[in-house]
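One structure, as structure tokens, below. Some questions next.
In this document, chain identifiers A, B, C, D, E and F correspond to the written order of the chains, with residue numbering beginning at 1 in each.
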Amino acid sequence: MTGADLENLMNEAALEAVKKGKERIEMRDFEEARDRVIMGSKREESFSEDEKRITAYHEAGHTLVSWELPHTDPIHKVSIIPRGMALGATQFLPEEDRHYYPKSYLINRLCVALAGRAAEKLVFMYVSSGANDDLKNATALAEKMVAQWGMSDKVGPINFGRGEEHPFIGRDISVQKRYSETMAWLMDKEIRNLIITAERKADEILLRGRKTLEELAAALLKDESLDKEDVEDIIRRTKGVEPLRKISN
Amino acid sequence: MTGADLENLMNEAALEAVKKGKERIEMRDFEEARDRVIMGSKREESFSEDEKRITAYHEAGHTLVSWELPHTDPIHKVSIIPRGMALGATQFLPEEDRHYYPKSYLINRLCVALAGRAAEKLVFMYVSSGANDDLKNATALAEKMVAQWGMSDKVGPINFGRGEEHPFIGRDISVQKRYSETMAWLMDKEIRNLIITAERKADEILLRGRKTLEELAAALLKDESLDKEDVEDIIRRTKGVEPLRKISN
Amino acid sequence: MTGADLENLMNEAALEAVKKGKERIEMRDFEEARDRVIMGSKREESFSEDEKRITAYHEAGHTLVSWELPHTDPIHKVSIIPRGMALGATQFLPEEDRHYYPKSYLINRLCVALAGRAAEKLVFMYVSSGANDDLKNATALAEKMVAQWGMSDKVGPINFGRGEEHPFIGRDISVQKRYSETMAWLMDKEIRNLIITAERKADEILLRGRKTLEELAAALLKDESLDKEDVEDIIRRTKGVEPLRKISN
Amino acid sequence: MTGADLENLMNEAALEAVKKGKERIEMRDFEEARDRVIMGSKREESFSEDEKRITAYHEAGHTLVSWELPHTDPIHKVSIIPRGMALGATQFLPEEDRHYYPKSYLINRLCVALAGRAAEKLVFMYVSSGANDDLKNATALAEKMVAQWGMSDKVGPINFGRGEEHPFIGRDISVQKRYSETMAWLMDKEIRNLIITAERKADEILLRGRKTLEELAAALLKDESLDKEDVEDIIRRTKGVEPLRKISN
Amino acid sequence: MTGADLENLMNEAALEAVKKGKERIEMRDFEEARDRVIMGSKREESFSEDEKRITAYHEAGHTLVSWELPHTDPIHKVSIIPRGMALGATQFLPEEDRHYYPKSYLINRLCVALAGRAAEKLVFMYVSSGANDDLKNATALAEKMVAQWGMSDKVGPINFGRGEEHPFIGRDISVQKRYSETMAWLMDKEIRNLIITAERKADEILLRGRKTLEELAAALLKDESLDKEDVEDIIRRTKGVEPLRKISN
Amino acid sequence: MTGADLENLMNEAALEAVKKGKERIEMRDFEEARDRVIMGSKREESFSEDEKRITAYHEAGHTLVSWELPHTDPIHKVSIIPRGMALGATQFLPEEDRHYYPKSYLINRLCVALAGRAAEKLVFMYVSSGANDDLKNATALAEKMVAQWGMSDKVGPINFGRGEEHPFIGRDISVQKRYSETMAWLMDKEIRNLIITAERKADEILLRGRKTLEELAAALLKDESLDKEDVEDIIRRTKGVEPLRKISN
């Protein structure tokens, strides 16, 4: 559980206490908030056909780009059943616990994160606000690559702690910047470069694999949820080749 | 309820407690403050004819630009009856719940937000302080488009959390900036571009539709409040065509 | 009552408690402080003839510029009787409640605010520290025009909340800047331009109306306080024309 | 009593409590601290002849420049008897209460404040750390002239509150900057210009009046303290003319 | 125990209390947290063969570069047994207590710190996130060299306290920057130069000693842990020369 | 006792309480901490011959440069007996209490402060981390000269309070910067210039007096501690002249 999760949890608990008309937040409020934060409340509202289609292509984008790139975690399940805040989800299942993340793996993860938005752009010719969390995760990952793990040659192998999370404080609150504005801008440019390069790679993969993307989206709209085997079947059928066995990084 | 609402609520409650001569804020003060914040107190003061005319053109501006743009929420009701802090209001009724906001929809929303001020400028040849909230909302929306949803090519699909609201802290308080000053300026320029472009679009629509604008304002001055059908009648009459059925984004 | 007033109030109350030798601030201290803040304590100290003359010209400056500009609130009363912190005061009485402030009205208000200092400069050939509050008010108003109400074409119709007051926090304390340094400088330049332009306008009006200015100051030195009719008489006499009826913006 | 005084007072009281081995600060500690802050404790330590000479020239510098400039407060008493933190003091007695400070008066006050250091430089060919408080006061005054009272044409008649003291917070603590870095630098340059210009003026006056300066310093070394009449005698004798009667600004 | 350790400890204790469902943190939670922080909990999870290989080369890199550089602490033990957060460790045993760190020693320490990452880059052709702590330590050390110990000619022998740790506050929290942004950037550039130069030196040493690196990694994969004698045997065997006796700086 | 001392004291006391397993810090902990802070605990650890030699040359450097410069405090005692945090110390005994510090005296003090490091550089050809405190003191002194005492012509006689210590807050914590970044950089450059110039002067003196430096270091290594007479003997012997009697600034 990260600092951001805890911050989230506290706010939920406080809202809970307010709703119940209490004057103080008690441990019970924290527990109820935790359940809701972790599992997500069931969403019963209806979604338009339009939004279901967009979601289907978005998740199909994540799925296809993930399959085409060698060093990524394999798909576990894709779904367009709304849950918590999200209208859909693509779940990955690492074949083994990883303690090291090679640069190639991380670049591919950026591609996968940006692939949902890239699919929307390709199919519907526009971007939407729906990729908010994908962009946030991709930015935070690229920030770590540049500012903590020395993966930009222009910045070099230095780590001033930028992008670290501070449990109980929350990542962005009250921690003083240790480096100059110019260094921050140097890092910002490298973060942006990583993300823009990853997005272009995702664009290309989706353009080449348009047919598979369409099939994946169609299957999602029909069945709402696909598991690993379903996805493999569609890829085998549309590409006429066996899906590649994942190469461990 | 956003963080800003809650901040507002707390301040109201504190003022309430001070008014009653209490030494502490109690839950009751919060409840009374909440009612007042949500519903707005009834305003009995009188307004000059001048201000009624300005308000009528302002709301007619929002209404006309909203009707001329394909991807916006349809009008529900327009009114120049003062309520809460506002002298008038244009209410929209989305035909369906939206979970995604496409860029085209958001750009149009910027146009609609700036259309009240644009109408004042067109008719009275000057701008006034009355568009304060419209500008604030438009700026916050353009900030989200640029800094959270990756809708500026110059900034790219990055999200450093700029413009996020922090419940219980309030959006602007105590959260540290994660990006460089130069990145902030890059974003500021893009935010300004989005807004200036949207304002020009609103200017054009109002210039072309001046006749309809006049009719809408006149009807508002006469009847104080118009519903969807009233607005459609005026548009049909002045433009000589059926109002377009909204295209879902 | 604004946030600044409340901040002021708290400090007054704290001083009150210290004076009485209390260890804590009580509600009573707040009440006594409020009375003093709102009404101003009576000042019994003597003022030199020099300072009375300066004050007379200062207030006559506000009065004359206000009368010469069409879109401003009419004079209610001018006085050089010291009260609270001020050695003199020019009071305006809006003919109607205003909810909108047009840009032309606000520019004129800047002129009026700077006219006291302009009169000192014209008559005594120097500026003094006495215009402190006028400059502060003018700067805060120009800041709102540029940064909240979109009245600078170079900045555009954007509102990042700069210059807002935060009740219970006080305007300048603890609120994070949401825009870049370069945007802040862009705004600063526009704020300065508005103020310098307004000052030049006030300079011109006073230069052209020097005779009336002298008469107004003389009358103030003689009678200490002038009401609307007194002022109108002097203007009619010195300018040989009827004073213009105010044009509602 | 300003915010800085109060800050000072609190620190004194806290030190007092620590000295007495108390665990908390009580009102009594505040009272004792106040007495010491206001009156200064008597200093019994001995000073070298060198330092007495430097102090004598330093105070003679303040005195002479003050007498040569028309718009300044008249001397009340000059002394090189150490008291509180200072080794000497030049006291002025305004002939009347002032509520306005004209720019000419303030510029002269800057000259007088810098004249002690200028005298040391002239006579001993070096500057020392002893002018610390003079520089601090001069800087704070020039800051007010530029940033609050509109006395720099380059900055213009704007007042963003820079240099204000905040009672109970202390001037420098926790108050957010409302203007850009570039505006701050523009102000810094003007503050520096005011001070450097004032210092040159003081240099010139002391160079021309070297003989009087020597006599004043000699008298101070002999008698330790001079009153207004003593100073006038020396000036009459060394300059061969009657000292000018002060021109009220 | 540094400020960072204490910060860590507090967070651990707070998590402990939350896990046990307590409403407050007690001294007991601190004690349990301290044990865990200092000794590291035993890790029972399994690691992939891939990660073991990477770890072996990483630690072999530290070991080899340390042996090749004259002014560094001698190896005590190398291991790829996971403990605490780390998958492996290279321990050094200074032959004597040091109170001074010469610049040459510190530059070599930077080389050794970066050698693990350099070995991964050489053998696997990519960098990974695993060098996070090495980079953090190297950056903090280079920061001290430049900003506290005057070891950069461009910055000069100045020390503004940058990079100091503040016990009980934590190094990065709430301490104000005493120097300008331009000075910070000057320092950042020198910090980066030190680190990049050290990395190149490590690259060269590993390239020249590739054979020894392979043998050390192979021995680590076979035995999991090597002591000083084991390492010396491998170096003697692969280089055909006696390992150099360390020259005391 | 300065603010930094008090900060130090509090942290010591807190550590004391933690060590004893207490849940709160009590006055006793403060007292014990104070004794340790003021007197330094006795150090029983052994030091290498290398470090003793370095320390001897370091202290001999301070001593020689101090003796060669006219306006500095005379030596009281030089020692290489470790005490508190330091491995050696050079103590000065001002012949009289000083209340003014002339610029020439302060520049010489910078030379003396940097002379230990300069001696290490001359004799051992490298710099080490041992001069940390010397650099810190020299930087703080140069900062005061430039930013409080007007001793840089480029900055001018201005004092914005930079470098002031705030009792009970600690010098660097929470105090807002009153001047622009550009002014800060202007000051930084002047601070650096003062220090670099002082270091060159120390370099020259040591180069010219190498023989005396060697004799002083040898005597220190033999006797561990030298008093004023011992030092004078060595200087008389090696330079063949009587040591100059100090000129009072």
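Before moving on, here are some points about what is shown:
The criterion applied here is as follows: contacts are C-beta pairs under 8 Å (C-beta built on N, C-alpha and C of every residue); 3 or more make two chains touch, one makes a residue touch a chain.
Predicted model, so just to flag it, every value in this text is computed and none were measured.
Under the contact definition stated at the top, the chains bordering both chain C and chain F are D. Chain B and chain C touch with mostly distinct residues; of the residue numbers seen at this interface, under half occur in both copies. Distances between chain centres, each the mean of the C-alpha atoms, put E farthest from chain C. If each chain is reduced to the centroid of its CA atoms, chain A and chain D end up 63 Å from each other. Centre-to-centre separation of chain B and chain D, using mean CA positions: 54 Å.
For chain B, the set of residues that touch two or more other chains comprises 174-175, 181-182.
If you draw each protein chain as a dot and join the dots that touch, you get one closed loop, with every dot joined to exactly two others. Ring order of the chains (start chain A, then chain E) is A, E, F, D, C, B.
Only residues 10-11, 14-15, 21, 23, 45-48, 50-51, 54, 87, 114, 117, 124, 126-132, 135-136, 138-139, 142-143, 162-163, 172-175, 177, 181-182, 184-185, 187-188, 191-192, 195-196, 199 of chain F touch chain E when the two sit together in their complex. Chain contact summary for the complex, chain C toward chain B: residues 27, 96-104, 106, 144-145, 148-151, 155-161, 167-168, 174-176, 178-183, 248-249.
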